[in-house]
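Next, two complexes with chain A in common: one pairs it with chain B, the other with chain C.
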Partner chain A sequence: MSDWFYLLPQAILCAGGLAALGLGAVLLRPAPGLQLGGALLFLAAAGAIVLALPAAGPVLDDMLAFDGIVRFYQLLILGSAGLSLLFASRYASLRGLAGDELYALVLFATLGMLLLAGAANWVIFVLGLELFTLCLYVLIALDRGRRTSLEAALKYFVPGAAAAGCLIFGVALIYAATGSLDLASSLASTAAGDVASFGPGLAGLALILLGVGFKLALAPFHLWAPDVYQGAPAPVAAFLATGSKVAVYAALLRLVAALPADAWQALAPVFWLLSAATLLAGSLPALTQTRVKRLLAYSSVAQMGYLLLALLAYPAAGPAPVMFYAAAYVLMDLGAFGSLGLLSPVSGDLDALEGFAGLGRTRPWPAAVLAVSLLSLAGLPLTMGFVGKFVVFVAVVRAGYPVLAGIGILGAVVAAGAYLRVLGALYFGRPVHAGQGQPPGPAAYVALGLVGALIVLLGIVPGPLLGLLR
Partner chain B sequence: MTAPVLTLLCPLAGAAVLALAGRHLPRRVAEVVAVAVVLAGFVAACAAWAGFDGQSRILHLASWFSVGHLAPSFSLKLDALSLLMALMVSGVSALIHFYSVAYMRRDQGFVRYFCYLNLFVFSMQTIVMADDLVFLFLGWEGVGFCSFALIGFWSEDAANVAAGRKAFILTRIGDVAYLVALALIVTSLASTSLTELNARAGLLAPDMVTLLGLLFLFAACGKSAQLPLLVWLPDAMAAPTPVSALIHAATMVTAGVYLLMRLAPMISLSPAAMLAIAAIGALTAFFAACAALAQHDVKRVLAWSTVSQVGYMFLGLGAGDLTGSFFHLLVHAFFKSLLFLGAGCMITAMHDDHDIFRMGARLRRHAPGVFAAMVMGACALGGVPPAGGFFSKGRILFAAFTAPGLAERLLWVLATAAALLTVLYAFRLVFVAFFGQPAGQGGPEALAPVPKLMLAMLWPLALLALAGGALNLPGEAPWSGWLGHVLAGVPGVAALPEDNEALVSALDALISLAGLLLAWRLWGPKNLMDWRRPAALAPRVHAFFLSGWKLDALYLAAVARPYQALALWLWRDVDGRGLDGLALGAANLAGNASRSLRRLATGRVTATLVMFALGLALILLIFSVRAA
Partner chain C sequence: MQTSALVLFVIHALIIGVGGIMAVASRSLVRALVGLIMTLFGVSGMYLLLNAPFIALMQLLIYVGAVVILIFFAIMLTKAPAGGEEERPNQVRTYLLALMAGVLPTFVIGWVVLTDQPASINAPLETGLKALGQGLMEPYFLAFELISVVLLVAMSAAVILAFKRRQSR
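Here is the complex of A and B:
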């Protein structure tokens, strides 16, 4: 089979994005159903090809990797994009945001994420990262009429530009030190022991970590997250919080796997510190936060900490914990942000805690999925979040980081307090105003049902998925 | 082999129907369902007994779960012992279900009542037939739960609920020993099958066998109301009378001794455990007979008598005579349910008054049938020849007499003394309740009629109680020793030596007749005016026995009060001040940390960029330290 087949998913997404833009040029007002259906069709086609392609080593002159791990992450990204669109379509059309750019940009961003997830070369790495970041800048600012939306885009853009600069400089340093742009071989040769390549190589790695840390909102590079998540339209926040993070983790996983032992010796304490800081900086502020979108932003920061924990345990425990937790995280945050968007009135996304009072009774289905997602984020049993945390903690303790596991558990306890306040408002509060928000529509119901059912089902019967990942 | 399964499942189906749909059924339909399933279970048990070919076998129904060495299954052990016991349980249950229809005719909670009663029969049959100790425990806890629910059945009265709770807690104390024994068995034999346990008990260390025997004895003491866990049974009389007859006389309280019978091949390897069983039995028999002699409440007389009679079963088993113990178990089930159902008739006639001193001769004239039934029951209980109790109790006394040790001989003396007390309290009950003159005692003016259905149920039981001795007559005749022949294939059954049997039997007969005469002297109609004399002569002794040797007060002072004080301390000081304070302090700490961390997110882009620089510096610092 020709190597070029491995570019087919990306090509399909590119074609889909162009088609969405073209549709806007041909038809003045394309039907939302047509746009959504078309976009989903392209995503599904890309997914089918990802499923069908046989695993292979690096292809296309060692530009792209395609093994089981990459396939899993690419499917996760495509699923996250599809579910985000299901949550977004009616939300956007009710608010007049459903132009062709929404669908086109989501497809282009997904293309970037797939590239990043499969990157075997620093150029592809940077290309994929910057492609989806560029799309996200625009998506965050989609609600042009709203000041907060524009502000959020700006707050993502300025540090983002700085981080991108650092990242590219880091890549340049690594290239200068090793003479290679290949991800695996450049990292391998930094470890050769000679000072000339090891020093600059590590400096490059530090800069790359800064760039990646910004994208993932790892502490201390996370301060943009609350503002951006709060300002972005809820379904966009869902996509931003899930697809982009998972794609970066896929690349990070390959990076860790390629690291030689002595470089890992230097990197592990950094990961240790970053994950401890991220866990605390995500969990603690959430506790007293009364703006729910900011609370969810902090929560997703904390979740990045758990994923980093799992990554730290990767050399000892293998990829299963980090992959399972990534899947759990995608479902939980999609459910949380997606149902928040569905519960929100057209006049503006729900944010203050009081706005959620009594919604468990007046809007039972979206509220139930929000509740399930929050319970899962809190790590309660019978949800996927519990299994994920359990698997991660076991791996971390086995890898020899008991203190870090303790910090993680502490963070989970503190964060549970924050989620419980939202749950309390949903189910024990008195409704403030009846009939806010619009009926979600069939597409969103499909997304709600899928997310809620998967969180519970994989929480009760995680065995098959875990077995697959091992 | 479907018949034993039907014996088990019919009552369960009835309970399920009543629990799910009972509220929507007319009263008559619910009653018919409840009675029909138990009757069907009885027919199935008859069929199972008829189809039994003397070969013991294990029926594996399904596996339950499997964790490590623990892999319990739903399996039944079908041998002469379990099938006969199942036959007795289902037969007595059927009679008592019929009786209940009349007894509960005015009660609104009949669905709940029959549901629990059906569930009880299922649980009891599980104990009887289960081969797996975990499956058996399911029934063991099931009967405990049903007993709890039915003692507190009239829950408007807080005292009834408290009695149910007391019964539940005391039997649960025994259950702890069951669970410990189960854990020991799983770890040492990696199997939970009774048959396996009995077959491989010889491989265990002797101390282990003794320990297991004592643990199971303690569990059996809880369920069978033996010393030291017996105080719940007299209070359990708060239950409706048919429940007392079924659960607290004929079946559930014998579950403990039945469990020990199933384990007999293992326990008999340990002389210490056997002696402990015999000693507990004889002591309890004497202890409870004394208490029964002082009671005024007809049901409490019978409750203490049950405790005492189950003590005889323990004694027989401990003396190595499984056949005699099981013989007494069967005969006791007949005469004690007869006595309880008769007491139910008396109570109905007396408008729910339980005091025998307020009944008197008018009750005999009002309900001569009940009187006749109670006399027959008392004869069987007191061991007056040739009623059933004479043969079964005599066999146990003989077994204790022939047992080799001196200790067993002493226990025989104690049990023989208790036999004298037994016939005394049995006929005290009859004479006081049916011959006394309750003038000015505050009883009801006119007696109430007794429903015919209730009376009808007395006669089959009376027949079985009187003729129960025929199950295992002594001697060499072709019809004698039937039970012994049937049980011959059951593991743990041993034959008794023959010598001196006539002598001991003659002594038993003498004692029972002497006791009968003495009771007539003390409480008979000739002494109408001073029937209280024994009580009046020694009021303190009387009060001491009335309170059950003050065991309740002892437990209250020695166990319950200190426990309560400890609980209060743990709640108020340790939990309230200590742990809550700690938790609140931690929460405040987290809240403060939260607020100060939130201040970092000022919303200014420069803050984000400054953190970039700091973070990068930190990473580079770590790298340079590690690389150096």
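Here is the complex of A and C:
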């Protein structure tokens, strides 16, 4: 089978992005249904090819990797993009934001994420990362009439550019130290015993970790997250919180897998500190937060901490915990941000806790999915979040980090209190304004149903998926 | 041969240094830009010394020829006062930060170059144009094409952000 087949999903997404832009140029006002249907069709076609391609070693002159893990993450990314679009289409057309750019940018961003998830070369790594970040800058600022939206985009753009600079400098150092841009072989020769290349190689790795840590909102670099999530339109925040994070984790997972043992020993304490700091920095501020979007932002920071825990346990426990938790995280955050967008009135996204009062009765379906997502984020039984946290904690304790598991459980308990406040407002608060928000439309109902059902279903019977990942 | 290379190196380094100081220190935007052009010319000369004539030519074409002219246009079109009303950086803190920003990369790059010298430092190898093109179009074909996608997205993103929406609601 020719290597070129492995480029097909990416080529389809690129063609889809161009088609969306072209459609906007030819028809002055394309019907939103046509745009949404077309974009979903391209995503589904890419997904079908990802499913059908046989696993292989690095292809295309060692530029792309395609094994079972990459396939899983690419499907997750495509699913996250599709569900975000389902949530976004009516949200955007009600607010006059549903131009061709929304669909084109989501497709191009998905292309970047697929490339990052499958990158086997530092050049592809950097290009994929920059491609989707560029799209996200504009998607965050999609509602250009709103000050908070522009402010959020700027707050993501300026430090994001600096982080990209650090990342590229790190790649340059690794190249200088090892003479190779191949991800696996450059990392392997970083620790091949010679001291000369070990120092610059580690410095390069540290800079790369800094750049990646910013994109993931890991603890010392997470300060942008609350402002950006609060200012971005809710479905865009859903895409930003799920697709981009999962793609970076896929790359990070391959990075950790390619690290030789002594380089891993040098980096493991760094990961330890990062995940402890991220867990605390995500969980503690959530307790006093009365703005729900900021609360969800902090919660997504904390979830990054759990994923980092699972990554720390990867050399001992294999990839199943980190992959399962990534899937749970995608569903929970899509559900939370997506249903928040559906509950919001056109005048602006719901944010203050009082705005949610009584919505459980007036808007039962979106409120129910929001509630299920919050319960899952809190890690209550019968949800996917519970199974995910359980699997991660078991793996972490087995890998020999009991203190870290303790910090994680502490963070989960503290954050659960914050989620319960929102649930209380949803179901026991007195409705403030009746008939707020618009009917979500059929596309959003499909997304709501899928997310809600999957969170509960995989929470009750996680066995098949876990078996598949092992 | 060695001496003449050294002399040329010093001349180019001086051009780069003086141009850089001029770009940062002069109060007029246009003069600062002239300083930038000087620096870019000097860098192009360095590429020639490194035995990379093609890169030197591209440096002249792209940076001196296109990027700087673009900045000139930006200054003219935004009607920024060419005389410059830039604030004078007279605080100690600014100088300290600038010094750090200069010293840190110098230190890191110097460390890498001193501890891990590539063979090409002592005797620069000329990479032929054909080899360069083959490198871009064969192993790095995917990256080469990807850059065009990134540029397309960046360009359309700039258009989306800068222009008024043609349909409202």
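Observations
Definition applied: the second predicted complex is superposed on the first by the 470 of 470 C-alpha atoms of A that agree within 3 Å, B and C clash if a C-alpha of one lies under 4 Å from a C-alpha of the other, contacts with A are read in each partner's own complex, and residues count from 1 in each chain.
The rule we apply is simple: contacts are C-beta pairs under 8 Å (C-beta built on N, C-alpha and C of every residue); 3 or more make two chains touch, one makes a residue touch a chain.
As the structure is a prediction and not an experimental result, all values here were calculated from the model.
Legend: residue contacts after superposition of the two complexes on their common chain; A:248 is shown touching neither chain B nor chain C. Touch criterion not met for A:310: it reaches neither chain B nor chain C.
Once the two complexes are laid over each other on the shared chain, residue contacts for A:273 go to chain B alone; chain C is not touched. In the superposition on chain A, contact of A:108 is made with chain C only, not with chain B. Of the two partner chains, chain B is the only one touched by A:226; chain C is not. When both complexes are overlaid on chain A, the residue A:199 reaches chain B and chain C alike.
Once the two complexes are laid over each other on the shared chain, residue contacts for A:60 go to chain C alone; chain B is not touched.
Applying the stated contact rule after C-alpha superposition, one finds that A:284 touches chain B and leaves chain C untouched.
Contacts of A:405 after superposition: neither chain B nor chain C is touched. Across the superposed pair, chain B and chain C both touch chain A at residues 199, 203. Considering their complex, residues 7, 14, 17, 21, 28-29, 60-64, 96, 99, 101, 104-105, 108, 111, 115, 121, 123-124, 127-128, 130-131, 134-135, 137-138, 141, 144, 169, 173, 176-177, 179, 196-197, 199-200, 203 of chain A touch chain C.
Remark: chain B residues 587, 590-591, 593-595, 597-598, 600-603, 605, 607-609, 611-612, 614-616, 618-620, 622-623, 626-627 touch chain A in the complex.
Residue ranges on chain C touching chain A, taken from their complex, read 105, 108, 111-113, 115-116, 118, 138-143, 146-147, 149-150, 153-154, 156-157, 160-161, 165-169.
Those residues of chain A lying in contact with chain B across their complex are 154-155, 158-159, 162-163, 166, 198-199, 202-203, 205-207, 209-210, 213-214, 220-221, 223-224, 226-227, 265-266, 269-270, 273, 280-281, 284-289, 414, 417.
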